[in-house]
Amino acid sequence: MSETKMAESNGLRLLFDEPFYQPVANEVGVFMAAWGRRLPVMLKGPTGCGKTRFLEHMAWRLKRPVVTVACHEDLTSSDLVGRFLIEGDETVWQDGPLTKAVRAGAICYLDEIVEARTDTTVVIHPLTDHRRSLPIEKLGVEITAHPDFMLVISYNPGYQTVLKDLKPSTKQRFVGMNFNYPPADVETRIVMKEAGIDEARARALVAAAGKARNLKEQGLQEVTSTRALIYAGALMVAGLDALEACTVAIINPQTDDPELAEALLEIFRTFFPEQG
Amino acid sequence: MSETKMAESNGLRLLFDEPFYQPVANEVGVFMAAWGRRLPVMLKGPTGCGKTRFLEHMAWRLKRPVVTVACHEDLTSSDLVGRFLIEGDETVWQDGPLTKAVRAGAICYLDEIVEARTDTTVVIHPLTDHRRSLPIEKLGVEITAHPDFMLVISYNPGYQTVLKDLKPSTKQRFVGMNFNYPPADVETRIVMKEAGIDEARARALVAAAGKARNLKEQGLQEVTSTRALIYAGALMVAGLDALEACTVAIINPQTDDPELAEALLEIFRTFFPEQG
Amino acid sequence: MSETKMAESNGLRLLFDEPFYQPVANEVGVFMAAWGRRLPVMLKGPTGCGKTRFLEHMAWRLKRPVVTVACHEDLTSSDLVGRFLIEGDETVWQDGPLTKAVRAGAICYLDEIVEARTDTTVVIHPLTDHRRSLPIEKLGVEITAHPDFMLVISYNPGYQTVLKDLKPSTKQRFVGMNFNYPPADVETRIVMKEAGIDEARARALVAAAGKARNLKEQGLQEVTSTRALIYAGALMVAGLDALEACTVAIINPQTDDPELAEALLEIFRTFFPEQG
Amino acid sequence: MSETKMAESNGLRLLFDEPFYQPVANEVGVFMAAWGRRLPVMLKGPTGCGKTRFLEHMAWRLKRPVVTVACHEDLTSSDLVGRFLIEGDETVWQDGPLTKAVRAGAICYLDEIVEARTDTTVVIHPLTDHRRSLPIEKLGVEITAHPDFMLVISYNPGYQTVLKDLKPSTKQRFVGMNFNYPPADVETRIVMKEAGIDEARARALVAAAGKARNLKEQGLQEVTSTRALIYAGALMVAGLDALEACTVAIINPQTDDPELAEALLEIFRTFFPEQG
Amino acid sequence: MSETKMAESNGLRLLFDEPFYQPVANEVGVFMAAWGRRLPVMLKGPTGCGKTRFLEHMAWRLKRPVVTVACHEDLTSSDLVGRFLIEGDETVWQDGPLTKAVRAGAICYLDEIVEARTDTTVVIHPLTDHRRSLPIEKLGVEITAHPDFMLVISYNPGYQTVLKDLKPSTKQRFVGMNFNYPPADVETRIVMKEAGIDEARARALVAAAGKARNLKEQGLQEVTSTRALIYAGALMVAGLDALEACTVAIINPQTDDPELAEALLEIFRTFFPEQG
Amino acid sequence: MSETKMAESNGLRLLFDEPFYQPVANEVGVFMAAWGRRLPVMLKGPTGCGKTRFLEHMAWRLKRPVVTVACHEDLTSSDLVGRFLIEGDETVWQDGPLTKAVRAGAICYLDEIVEARTDTTVVIHPLTDHRRSLPIEKLGVEITAHPDFMLVISYNPGYQTVLKDLKPSTKQRFVGMNFNYPPADVETRIVMKEAGIDEARARALVAAAGKARNLKEQGLQEVTSTRALIYAGALMVAGLDALEACTVAIINPQTDDPELAEALLEIFRTFFPEQG
C-alpha cells in the first residue's frame, strides 16, 4: 500500500524512492553479478512472493528505468517489438515496450512470459546471447542493444503444464534465481510495514499462514500469499474484526470448497481467539 | 422492475436514487473497509442473488459513478482499455470503459470476468497491487489510477471448470465477499417490493422455492433464482393464474426434462392449491 | 404459402394483415401478460411447429414492428449491436438490428440464439433485468430501452448439447413458453389452409404423420414437421400423385437410410391406398 | 465434353442450348411441381451422377438464369449475401451471388452446401418458408424474393458425418429428390454421346463399371463415376489402348492400394480382352 | 543442377530449352492424350521422383507457359483466384496465378494440392468438368477457360492421412498418372547428368540406394530420393570423400536415429569400400 | 560475451571480425563443398552447441552477408517473403528477409524452421532444387536467386514430435550436417575464452557438465549447454562463489524438481569442493 515516486516517460519508469525490499539471502549480489555481465535473468517463484518488488528494488539501485510487460495468452511479438500505425496520410512505426528498453538501455521485465504466445519467446533469443540484438522483421532491421539494456523474466514453476512451458533451450539462456515466501520474521516485518498494523497481529497472521500453507496437499491450488496477509491486516486497521478480515482477504479468495474454508477458518480462529 | 434515476455521461453512470438493497449480514461494512484502502473486491455467488444490485447500492452510497462491463468469451483487453479509431484523416485513440473509470475515479465492475479472454485478467493485475496503474501498451504509457478508482469483479463458483477459472494468483489479489440467496423473510420482502404482489403469495412463492431448491441434486443445473420468483409474482399480478405463472416463469426456463418439470410443478401445486 | 403484407423500414417490419395462427392453449394470454410487464420471453419447441408464426401473430396483435435475427455460429455481438463503417472521409456508426429495436420500441426476435457466439448471449443480459439497457462498448455508452421494446428468443430443446446450450443463468432471465406440434384437428386445418388442399387428404397426411412420428425411437433425428405436410399437400395440388409427393416432401428430406425410408413409405401407403 | 452456349451477365448464366440430360424417372415432373409452388429443392446423390447437369437442364427448360456456388469449408454468409468494398473515397455495397439471384428471380444452386460454414445454412432459412425473404444484416434490411426466385441445394449422403451434416430442421425445409447412377442402357448412351465413342466400347465400359462398383465393400471410398467412364472413353478415342485408358482414367484416381488396383484392372481386362 | 532458360512474364514461365526428362514408360503419350481432350491430370508419386520435371518437360513440348503453385496449409482460394488491393484511391483487382493461367491458356500446376485449404480444392471443380469455367465470387463473375488451359495437380500417396486427403469426388475428376523412382539404368544416367559425376560412382550410388530403399520397413519415413543421390554425387565432385558425401547428403537428412544411420552407412560403405 | 564488428544495412549483416569458432571435425570442408554447388544446408543438433556460431563463422569466411530469421509458431510465409504496406496514398511492397537475401546473394539462415507455420517450409522448396527461384504469390512473380544466395536452416532433433516435424520430402532437399557438444578439451577452451576464466575452473566446469549430462535419463529435458557453462564462469569472474554461480547459471534454469536439483548440485560440489 506504500506509494513510490517515479518519473514516467514514454512507458519507461524511473523510480526515485527506494522500493521496500527485505533481502532473504544473496539475491542482490547474484543480480549485481548478472548485471555486471549483462546476463539475462529469470526470477522463479510462486505468486505474491515479491519477485516484482525485488526487480523494482534492483532497478532503483542501478538507477535504470524499467519497462514492465504483463504477458498473457494473446500477447504477440508485435506487442513487444512494435507495429505500424496509420496516422493521417502515412503509416508510422511505433516502438513496442521491448524495443524502447533495448534502445534506451532500460531493464525490460517480462512478467510470466510463459503466458505469451510463442513468437515472443523466440523474439528475445538474439537478445540473450552474444548478439544482444533485436530483429525487427517488419522494419527489416536488427538493432543492437544499448550497453545498459538488461532482460529479466519471471516464471512460476507451479503453473507450468505440458502444454505451456518455456522450452528448455530458452530457459538455459537465463541466469535462474529462485524465490519463495520469506521466513516468518521477515514476513512479519513486511506485513507490519505494508498494512500499517501492530507487531502482535502481524505475527499472528504470519504464524496462521504458516499453518495454512500446510493445507496445500489437501486441495488448495496455491498457498496463502504475503499479499493476502497484508490485505487482512489492512482490513483490520480499517475496523473489521480479525476473523472477518481473514475470511474475506484470505479464505474466500483461496477456495470455493466449504470444508476447506472451514479448515482454514479453524486455523485463523486459533490465532485470533478473542473473537470466538 | 423498479426504476432508478441516473445521470449518464460517457459510459459512467451516477445513481441519484437509492437502489433497493436488503442487507443480509455485514456486507456493507466489509465493502466500506475495502473501499477505505481501495482494495479490489470480488463478489462471489450464484446467478440472480443480488450481486449487481449490491454493487449499485454501494456506488450510490459512495456517490461514485460506476462502469459495468458484462464480460464474455470474445472480450479482449482492447475492449477494456481502448483502441485506435480512424476518423477522417487521422487515427484517434478512444478510451475503453476500464480506462475511463481509472481516469475518472469511478468504480469499474467487471461482471463474470472469468468469461473474458485471458489478456483481460492480466491487464488488471497492475491495478490490483501497490502500483495501481494501468499499462496501455498501444499508447506505450502506464497511467496511474485516480485516488477514488476501485475495481470490483463478480465470480460464480458454480460455473467454473478446469478449462475456465480465474488463476489462483489473480483471485488472491482481491478481497472476496461471498453472496447467496437471501433468507426467507428477506426474500419475501424483495419479491413483494419488486413484483408488487401481496405478502401471502410472495411468502408462498419463497416457501415453494425453498423446497424446489432441494431438487438440485436431482439434476437441475441451477436452483430457482430470486429473479424468477419476482417474474412469477409479476405475471400473477398481470392476471395469470398462479400455477401457469410459476410454470412459465420458473419451471419452463429451468428444465427441459418432463419428469423434473412435473416434480417442480407438484411442489408449486402444494403451495397454490386453490388452482388444482 | 400465404402472403402477408407488411411495411418495412430500416429493417423493422410492421405487419398489416393478420398472420394466420391457430392457438392451442392460453399462449396468447401468457404472452400478453409478459408484454404487460415487458418481461423477456423464450419460445421453446421443435422445428417447424409454429414459433415464428406465433411471434409474428403477436406482433400484429400488438401493432409493434418486429426485427428478426436468425442466429448462427458466427454471429457476434457486433452483428447485433452495430459497428463502425468507413464512409468517405469518416467512420460512421451503424446501429445493428438489436439496437434499432431497442431505440424504436420494436420486438426483437433472436431465432435459435443458442447458435450465436457467446458474446451475444451476454450482451442481452442488461436488457433482461431491471436495467433494461443496452451497453454499446464501442461507443462507450449504455442506452435505455424504449418503453415498448420487448425481447423474444427461440430455443429448440432437442438440439442442445453439453457444448452448446444456454447458460442456466441466461434461461432464468426469460419467461418460458413451451410449444409442440398441434393436435390433429388443428394441424389438419393448418395443412388445408396453407397447402390449399381438401380436408380428406389433409386429414390423411396428419394421420400418417401421427404414425410416422412414432418412428422417432427407431433412428429418425427429428419427427415430421407440419411444414413438410404442407409441402406434400402443395405438391399433390400441383399434380403429383400422393405417394410421390410424400416421398419427396416428407421421406427423402428426413432420412438417408433405405430401411427407415421404406418403413415411412409403408405408413403413407396405408393412408393413400389408391396408389398402390 | 459437349459445349453449351450461354449468356453471362453479372454472374447470372442463361443457357441457350439444351444441356443434354437423360431422364431416369419422373424427376422433371417433380421439379416442375416444386417450381410451380416455388418450393426449395434438395438434390441428393453421389458424386458425378448428373445432379449439376439436371439442374442446368431444368434452368434451360424454365428459361431462368442460374447462379451456381460451389460451397466449401471457408464459405461464409458474406460470400453469399454480399459485402462492403472500399472504392476510392467511399464504401460500396456489392451483392453476393445469392442476393443477385433473389433480386433477379434466378435459380440459385448451392452445390454441396453442407461444406459451407454454418452461418450460410441459417441465412437461407427465411428464403425457404412463407417469408421468402433474405435478411442482409450488414445493410440492416430484409429483401423479398423475386416471384421467380428458386433455391436448389445439392447433398451427397455418402459424405456426411456426425461433425458435418445438415441439421434436420434445415433438411425438412426442402423437397428432396434422390439421384443415383443411371441404368446401364442410359449410362451407355451418355458415355457414347459425351466421349464420342462407339457403342461396343461404351457398353463394355458400363458393364465393367457395374462389376467394379460391387468392390465398394472391399475398401473403395466411392464407386466409379459416370464421369470417369467418359474420361476413359475419351482417352481411347484419343488413341490410348483400352486398358491404359481405364487405368489412368478410372483405376489410378480411385485407389492407392496396389491390390485393389489389380482387382479393378482384372475386371476391365475381362471386358477388353484383346489387349491382354 | 542444370540450368534451363525461360521467359517469364507476369508469373507465367515459358521454357525455351528442353528440360531433361528420361521417360520410363508411355507417360508422354498418356499426357498428350489427356491434353488432346484438355482433361485435368493428377501426377501421383513419392517426393523427388521427377513429377515436377516431367510437367516442365511436357510444357516445353507443348510450347505452353506454366504457372506453378506450391500449395500449403494456409493457401486459400483467394491466393489462387485473386484479390482486391488498395492502390492510391481505389481498390484494384489482381488476378491470382490460377486466374492468369485460365485467361492465358497456360498449364496451371498445383503442387501437393492436398496441403491447401479445402476451399481451393472446391474452386477448381468447375474447371474440371464440361463447364471449364472459374467462378470468381468476389467479382461476381464466372470466366470461361482459354481453349489451351490445362490443370495439373500432384499428389503424394504416402503422405495422405484420414485428416488430410483429397475427396474421392475430387480425385475422380482427374486422369491419374502414377510415378515412381526410375529403374537403375535410367536413374544412373540422371545422376551422371545432373551431378556431373562419372558412371562408376553414379552406378554405385544407385545400387546402394536400391539396398537402402529396402530399409523402409525398418522405420524410415521415406526412401532415398533421386535428388539426394544427385546431391551426394555433386559433393564428391566438389571434393568430399564418398562416405562423407553420402552421410551428409543422404543419411543425415533421412534419419535422426543412430542405429538406422549406422545401418544406412553400412550399406554405402559396401559400395564405396576404398574409404574404409 | 565477445563482441563482433559488423556492418548492417537493410537487415543484411556483414561480419568484419572473425567470429570465434573451434572446429571439431571437417564441418568447414563440408560446408565449403555445399557452398560450391550452392546446395542448401541443414544444421542439426541440440541447443547451445554452436550452430549459430558456425554459420556466422562461415559467412565471415565467405565474405557473404547473412540474414538470420528466428522462426516461431506464428511466422508465416509473408513474414519471410514480404508484404504490402500502406504508405500515404498507395500500397508499397516491402521485401521480407528471405527475399532480400535472394536478391542480394546473401546467406539466409532460418533458425529452428520447424517452429514456423507450414507455409514457410513450402515456400522455400523452389529455392532448394534446380529452379533456385522464389515465387512471390502476392506480386504474381517468381524471382531467380542471385548466384551467391545460399539457404541454411537449423533443426533440433530432440524437439521434434509427431505433430511438429519437417516433412521427409523437405529434409531430403538439404545437405545435413550433424552437430553436438564439443569434446572436453575444445569445450574447455571455449569456456575460457568466452567467460574470461582460468583453465582450472573451466576444466572443472566441463568435467562436471560431463557428469551432469549423464542425468538426462533421470528426467532432465535437456542436458547442460556450453552456454550455461560460460554463464557460470562469467559469474565466478564477477565474484560469485563457484557453487552459487553453478546453481543460478546451470541448475536453476534446468529443473524445477528439488531432487534433480540436489543431484546436480552434488555433482558440482564434487568438482568445486573448496566451497563445502
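As written, the chain order gives the labels A, B, C, D, E and F, with residue 1 at the start of each chain.
The definition used in the following text is that a contact is a pair of C-beta atoms (placed from the backbone, for glycine too) under 8 Å apart; a residue touches a chain by one contact, two chains touch by 3 or more.
Just so it is clear, the structure is predicted and the values come from calculations on it, not from any experiment.
*Asks:* Check every other chain and keep only those touching both chain C and chain D; list them.
*Replies:* Common contact partners of chain C and chain D, which must touch each of the two, are absent.
*Asks:* Shortest hop count from chain A to chain C along touching chains?
*Replies:* When the steps are counted carefully, the minimum from chain A to chain C is 2.
*Asks:* Chains in contact with chain B and with chain F: which ones?
*Replies:* Touches both chain B and chain F: A.
*Asks:* Determine whether chain E and chain F, two copies of the same sequence, contact each other through the same residue numbers or different ones, counting it as same when over half of the numbers at the interface appear on both sides.
*Replies:* different
*Asks:* Need the most distant chain from chain D, centre defined as the mean of C-alpha atoms.
*Replies:* A
*Asks:* Rotating chain B so that its CA atoms sit on those of chain C: what angle is that, to a multiple of 5 degrees?
*Replies:* That rotation is 60 degrees, given to the nearest 5.
*Asks:* Taking the mean of the CA coordinates per chain, how far is chain C from chain E in Å?
*Replies:* So the centre of chain C lies 53 Å away from the centre of chain E.
*Asks:* For chain A versus chain D, what separation do you get between their C-alpha means, in angstrom?
*Replies:* Those two chain centres are 61 Å apart.
*Asks:* Could you say which residues in chain B touch two or more other chains, in rising order?
*Replies:* In chain B, residues 86, 89 touch at least two other chains, as defined above.
*Asks:* Sort out for me which residues of chain D touch chain E in the complex.
*Replies:* 1-4, 8, 10-11, 13, 47-48, 52, 68-75, 79, 85-89, 94-97, 100, 111-112, 115, 156, 159, 194, 221-222, 224-225, 227-228, 231, 234-235, 237-240, 244-245, 248-249, 251-254, 256
*Asks:* Residue numbers of chain C touching chain B in their complex, please.
*Replies:* Residues 26, 29-30, 33-34, 36-37, 39, 42, 44, 76-77, 84, 86, 89-91, 117-119, 121-123, 125-126, 129-130, 135, 137, 140-142, 157, 160, 167-169, 171-178 of chain C touch chain B in their complex.
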